[in-house]
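Letters A, B and C mark the chains as written, and numbering starts fresh at 1 in each.
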Amino acid sequence: MNWEIIKQSLPMFQKGFELTLYLSLVGIIGSIIVGLASSLIKYFKIPVLQRIVAIYVEISRNTPLLIQLFFLYYAFPAIGIKISAQLCGIIGLIFLGGSYMASGFTGGFNGVKKNQIESGKAIGLNNWQLARYVVFPQGFALSVPALAANIIFLIKETSIFTVIAIPELTNTAMDLIGLYYNSNEYLFVLVIAYAIILIPLSIILTFLEKRVRYGTFGN
Amino acid sequence: MAHSGINVLFEGTNFTRLLGGLWTTVQIAAVAIIIGLILGIILGVLRTFHNPLLRLVLRLYLEFFRIVPTTVLLFLFYYILPRQMNIHLPGPQMATLVFALWMAAEMSDIVRGALISVPKHQRESGLAIGLSRYQLYRYILIPQAFTLELPATINLITRIIKTTSLLMLISVMDVINIGQQIIEANNQHYPTGVFWVYGLIFLLYFLIDYPLSWWANRLEQKRMENIND
Amino acid sequence: MTEVLKVEHLDKSYQKQPVLHDINFSIAKGEVVTLLGPSGSGKSTLIRTLNGLEKYQSGTITFNGKKVVPNDKNWQTLRQKIGMVFQSYDLFPNLTVMDNIILGPTKVQKRAKEEVIAQARALLKKVDLLDYEDSYPRQLSGGQKQRIAIVRALALHPEFMLFDEVTASLDPEMVRGVLNIIRDLADQDDMTMIIVTHEMDFAKQVADRVLFLQDGKILEDTPGNQFFDHPQTTRAKEFLESMNF
């Protein structure tokens, strides 16, 4: 391991690091919005939209991100739609993450105990009030572990952006290896960089899961 | 431009080549899944034992495969095995190894989770009728855990299959790599061929993964119904 | 006597298995009816049907002289007048005791918060839990939770109350407190009530009438004292013996 090589590569990795963080953040926020909207459409069984959401979720969950990206980046220009690589990455990540987040929220809503819903009904709550005061508060708390897992998953998926040459972390490492051949050093930095993002994040998320769980259910 | 893009799929041997690439993909996924399942179950059982050192080692193994993105895992094996350890595996075999180890790591966590959620009194009743530890796992815990873990396992399998799309990154001649070659070779005649080739690959992945996730969903729904009744 | 509730020819089956068969009875204002019967006899299903939590295939339920058209909207309106307490208390874990109680009155009935809180405090005082209004359900014992659940139902000013095995998950020493509250409701407030219970002594004390169910049918509909001292059917006799009564 040559530390000099590592040191010289750090500025470039820093750029990749920032880009990975930025793309992840935008992708995660977008995924949560799309996922929440989808799960609400499903919960309230809104006609037509409900069907569209179901189809979207199946397509998104059962196809690889890499192909989704190739489609956006290489195939769309052939029919006259040109999108920049970064925007392709963000769209792809949200397309993928939206369905994962939707499943997370829906799982939470479905996890609310039948007894809770019945006692809500027993005090006369209508469907909307039942959702607002019983199902959503408890359902969100129940979905936090799935959402946390999705967040970690989506950050890792940004490494696939390298296939459309977005200069995020993995792409930075691959470029450097291609140029200078020092694979050990660059791969080492790459793994450390992901660890720096993901280890603290997963600790924070676990802590948060416990807090939310205790705050809502007391155990 | 007299050619409609879709015909690129049927030009020469293109279609059979794509299916050949798909076969490579499927083989790698299948072998990795089988090895990963077996290894994952063993590791999952070991993780429920009380040996702290064993648990630590297996936990570290899991966390490593959890934290490092699969793309990076592939590159790690691709560069480090030959250059540092002088192990020269052909691409498909190396990819199988990476996917199998990854599957085993994730699987071990599913198995462990299912095993520890089998109610304690089941374990105690088993011990009370004089079962050995092996018999306890073989006849009581693993069969009960199996129904609990099945949906998660199927979902994991769909993830492995989707992740085989990364094979092209380490130069394996998978369906995507062959797709790219076909697109490049036919770009002159079929400018919209790219749309159809990627469209077909998209569809192929969907056709493999959709039945699996449909199955997982159904099992999960049944389980929820049973809990609520 | 005014008739509050009337059930006629009620039939319900679940996955082609008959659960309730030709149920007929009525309840007058202020009357306390206990539903007794072995487990699986359909008591809980019947009481849940009366609150629209279970659908039924045929028959009619008449409430205050008006036939209930069984759809979600109607049941939702009716439930404000029918209080129900469950075996598993089911307080909302994310809300404080006070918020649990005032949720229905303020959001469903749109009553003024101050008025509802004052009423809630009076009810809490009655059940000896005034100090707990800011607690969360997790900080309470089972018996305390069940008392709060009763208060939550009463806060809506229901015209009658349904109690579904409300002491069945409680430790023995908690049971008495909960039963006393129900008895006070009968004696002091003249509340109309339907009670599903396994507490035979309690049933005997409060029941104006007993409906004895078996296999989804009402086998006996008799005044309380008469049922316990002189059950008419052998089934009921056997049942009372099996309960060591």
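Basically, a contact is a pair of C-beta atoms (placed from the backbone, for glycine too) under 8 Å apart; a residue touches a chain by one contact, two chains touch by 3 or more.
A quick note: this is a predicted structure, and the numbers were derived from the prediction, not measured.
> Going by the touch rule set out above, what shape does the chain contact graph take here: line, ring, star, complete or other?
line
> From subunit C, which chain is the farthest off, judged by mean CA positions?
Farthest from subunit C by mean C-alpha position: B.
> Taking each chain's centre as the mean of its C-alpha atoms, which one lies nearest the mean of all protein C-alpha atoms here?
Ranked by how close its C-alpha centre lies to the overall one, first comes A.
> As a quick test, compute the distance in whole Å between the mean CA positions of subunit A and subunit B.
That gives a centre separation of 19 Å.
> With chain centres taken as the means of their Cα atoms, state the distance from subunit B to subunit C in Å.
Measuring from centre to centre gives 52 Å for this pair.
> Round to the nearest whole Å and give the separation of the Cα centres of subunit A and subunit C.
Centres of subunit A and subunit C (C-alpha means) sit 46 Å apart.
> Considering the complex alone, what residue numbers of subunit A touch subunit C?
113, 115-116, 118-127, 129, 133-134, 137-138, 141, 215-219
> In the complex formed with subunit A, which residues of subunit C make contact?
That would be residues 51-53, 72, 75-77, 79-80, 82-84, 86, 88, 90-95, 103-104, 107-109, 136-139, 149, 152-153, 156 of subunit C.
> Would you mind writing out the residues of subunit B in touch with subunit A in their complex?
On the subunit B side, the touching residues are 5, 66-72, 75-76, 79-80, 83-84, 158, 162-166, 168-169, 176, 183, 191-195, 198-199, 201-202, 205-206, 209-210, 213, 224, 228.
> If you look only at subunit A, which of its residues touch subunit B in the complex?
Going by the criterion above, the answer is residues 58-59, 61-68, 70-71, 74-76, 78-79, 110, 114, 152, 156-160, 162-163, 170, 173-174, 177, 183-184, 187, 190-191, 194-195, 198-199, 202.
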